[in-house]
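Structures follow.
You will see chain A twice below: alongside chain B first, and alongside chain C after that.
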Partner chain A sequence: MTAPVADSNWTGRLRGRALRSLPPDRLLPDRQPVYVASWIYVFGVLTISAFLVVLVSGGILAIAGPQWWHSARLGHFVNSLHLWSVELFMGFMVIHLWGKFWMAAWRGHRARTWITGSICFLGSIGTAFTGYLVQSNFDSQWISTQAKDGLNSVGIGAYFNVLNFGQMLMWHIVLLPLVIGLFTVIHVLQVRRRGVVPPFERDPRDISADEVAS
Partner chain B sequence: MSLVSAPVNLNHLGHYLHWGVIQISVANLTVIILMVVVFVLAILLPFPTKRDRP
Partner chain C sequence: MTRAAHRSAADTPEWTGRYHDFDIVKEFVIAFVVVALLTVALALVFSSPDEKQITLSRWSHADPFDFVATAATELDGTSGTATYGAPYSHTPDAAQKIGPVSLQHIVGVTQAIDTANDFVVGPLKQVPGNPALTSALGAWKSATAGQQQTWASAYDDALAKAPGNDPAKVATGNYGPVPVMLSSLLSLAQSGGLDGDLLLHGGFFQTNYTQPLLFIADGAYLENTADAQHLGGDQWGMMNETGNYPGQAWLWLYTFWYQVSPFTTSGNADALVWGIMATLSLGFVLIPFLPGVRSIPRWIPIHRLIWRRYYAGFPSASSSSKPASGAAP
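For the complex of A and B:
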């Protein structure tokens, strides 16, 4: 026998709020509006798919260590898998961004969806940058020595030292992926809560007489 | 060249295009053009629906 849950209980209040914001049929819908049947709406899920490959390949690289890909053919393959999945991730994300920008996807109280997506995009740029810094080759040396002057000029270098390999590795494999992962989840939950943004209404003056007759 | 090597050899210095103050590598320009092409195709190509299935 369970005791009645008091309204003052924080878990009960949290559950009630979560259910009001995201009832099960909205959290996991089995139908979408007809306008979602377009290829431009596919790029969000393609971005998440590529992100999962990035995480798995990066996880394998983390287990074997950042120098593995220099000495083993399998390491080189996994490193290449990591690189090309990132290329696809960034490409899909930018096409997703173009599509959402031109349909003004922040309409209809979707500002939080837009803002969380922007944070994911900016976080991804930072993660890609720190990834270049931890290649442990001449390319990473060149990029870090060029970047330090720019970052030092705006006072960031004291806290974010691009010449510190250990610090950049931690940013790359822990802190920034955590930010992207967390905000991706919030972003998807916001899409579920507000729904996929509809296309713009057509101006009635643009509709021809033939269309009206049919 | 082994069977598993890349179809295009990328292991050399990049080629760059110069246009006034603008400088861009051919690789980056190719990626940008491909992304624009994919974006346009995503808008124009019809999406398969249940009616299209046999």
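For the complex of A and C:
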């Protein structure tokens, strides 16, 4: 379903390309192929949900500042929300990744979906790591003084200084969440554009007409 | 059909089999509410850890002998930071290598630290109203670099041999102004003044804790505290958290390498582990293009469990091993 669009200028061409790639019924579908019937599919949306809880709880911590959670009971509770939402986020994402691996979900020209998802995973590890560095307590002291050796050994530490609280805070609350958010959006749009990978041997090009009819 | 739409359809054909109803918005709302409630429940029940930080003041009160012994190594240039190499010092051959390549050396020193002046002499210059210290600093300043090194090394060696590393039990010797300087630094640290001095760097607003953290990490107190919490490098410490809380469990593979040979003994362990993890991470991202690895899901048919209900409707298909014509593997 493609709406007629004007291709006469940049805006028209961008709109036309967006509509061709992701028509509304594919972007927000109200039906799914019959093979999408397993609990493993839930972990994708659970991961995104946990990511939003991470962003909201982290946002509240950011409003009050990095020291608030040490002195206020409410701040400590919000920090606890942030910690546990991160644990859930990473847990859901790992299950989601394993599920997609065993489905070989990169089949059918879905490699970009896998690549963007894997970048989200690696970026999330970096974001969580910087979060541990900016707790401003004993744990962050220990983790930063240990982690510096690995980063320094390959030259990264010369510019990405884990002992610099201000630098790590910026990476944690601005740069890395932006990267993860961007790649998450691209990942989800890739899923919507390419659709959910079909079962092995059930690629539509392998299905005979009578099977389709049944 | 436009050329772009045609190409898209050819790449990933539309599913032509059966569909079932699906409400993506409803699914998302339910998932979000469930996750939010689960998070609140976990936070209420388990809370989160917040082990108090170690300041130079706390360290110098809790273990003054360790503090003075560490300060002595900062003064004579034998501490971990003083001999670290890049990015803190120009120590020859200190940089780690992967094979013949040392990225640490190539990048070089970007945060130069002179431990004697930055950690000891500089902060002591800020102490007012202490004639003995003023005299000691005068003697230190007027001495040659060689004389300074001789005094500092002699005191460091004598302190290491003293019973319990107690500065009061150091054997008599020619240590110049060093004993006065280090006892003054201990007093400064215990007063809390050193924490601020190492942070200021000439400015009022500061967020860079590189110097105080390196000084603390050069001592034994931080590591002993961490070991008691099962956070040591040989205790899978990078993925652990203080108390009984889950830490960064997702770092298990990175931490794993530090538990096995040759990384437990190699002087290049950090660089080698980083090299391995960078290679594995790149491979992980590029799985769709790696022959063999991308075929593992076909060889180990866990997908039959995932899609068991679907395959149950097509028994002939579930026993087939014919690859899909458009499949990547």
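Note that the second predicted complex is superposed on the first by the 193 of 214 C-alpha atoms of A that agree within 3 Å, B and C clash if a C-alpha of one lies under 4 Å from a C-alpha of the other, contacts with A are read in each partner's own complex, and residues count from 1 in each chain.
The rule is short, and it goes like this: a residue touches a chain if its C-beta (ideal position, glycine included) is under 8 Å from a C-beta of that chain, and two chains touch if they have at least 3 such contacts.
All values derive from a computational prediction rather than experimental measurement.
S.K.: Go through the superposed model and pick first if A:Arg194 touches only chain B, second if only chain C, both, or neither.
M.R.: second
S.K.: In the superposed model, which partner reaches more residues of chain A, chain B or chain C?
M.R.: After superposing on chain A, more of chain A is contacted by C.
S.K.: Look at A:Ile95 in the shared chain and tell me whether it touches chain B only, chain C only, both, or neither; answer first, second, both or neither.
M.R.: first
S.K.: Determine, under the contact definition given at the top, whether A:Trp106 touches first (chain B), second (chain C), both, or neither.
M.R.: A:Trp106: touches chain C, not chain B.
S.K.: In the overlay, answer first, second, both or neither for which of chain B and chain C A:Asp139 touches.
M.R.: second
S.K.: Just chain B (first), just chain C (second), both, or neither: which does A:Gly150 touch?
M.R.: Only chain C; A:Gly150 stays clear of chain B.
S.K.: Applying the touch criterion given at the start, work out whether A:Ser38 contacts chain B, chain C, both or neither, answering first, second, both or neither.
M.R.: both
S.K.: Show me the chain A residues, by the header's touch rule, that chain B contacts in one structure and chain C contacts in the other.
M.R.: 37-38, 40, 42, 87, 94, 99
S.K.: Residues of chain B touching chain A in their complex?
M.R.: 31, 34-35, 38-39, 41-43, 45, 47, 49
S.K.: Write out the stretch or stretches of chain C touching chain A in their complex.
M.R.: Spelled out, the residues of chain C in touch with chain A are 2, 4-5, 8, 11-25, 27-28, 31-32, 34-36, 38-40, 42-44, 46-54, 84, 86-87, 95-96, 98, 103-104, 106-108, 110-111, 207-210, 213-214, 216-217, 222, 225-226, 231, 233, 237-238, 241-242, 245-251, 268, 270-271, 273-275, 278, 281, 284-289, 294, 296-298, 300-303, 306-307, 309-311, 313-314, 317, 320-329.
S.K.: Under the stated contact criterion, what part of chain A meets chain C in this complex?
M.R.: Where chain A meets chain C, its residues are 2, 17, 20-21, 28-38, 40, 42, 45-46, 48-50, 52-53, 57, 69-70, 76-77, 79-85, 87-88, 90, 94, 99, 101-104, 106-111, 114-115, 118-119, 122, 125, 128-129, 132, 135-147, 149-155, 157-159, 161, 163-167, 169, 193-195, 198-207, 211-212.
S.K.: Given the complex with chain B, which residues does chain A contribute to the contact?
M.R.: 37-40, 42-43, 87, 91, 94-95, 98-99
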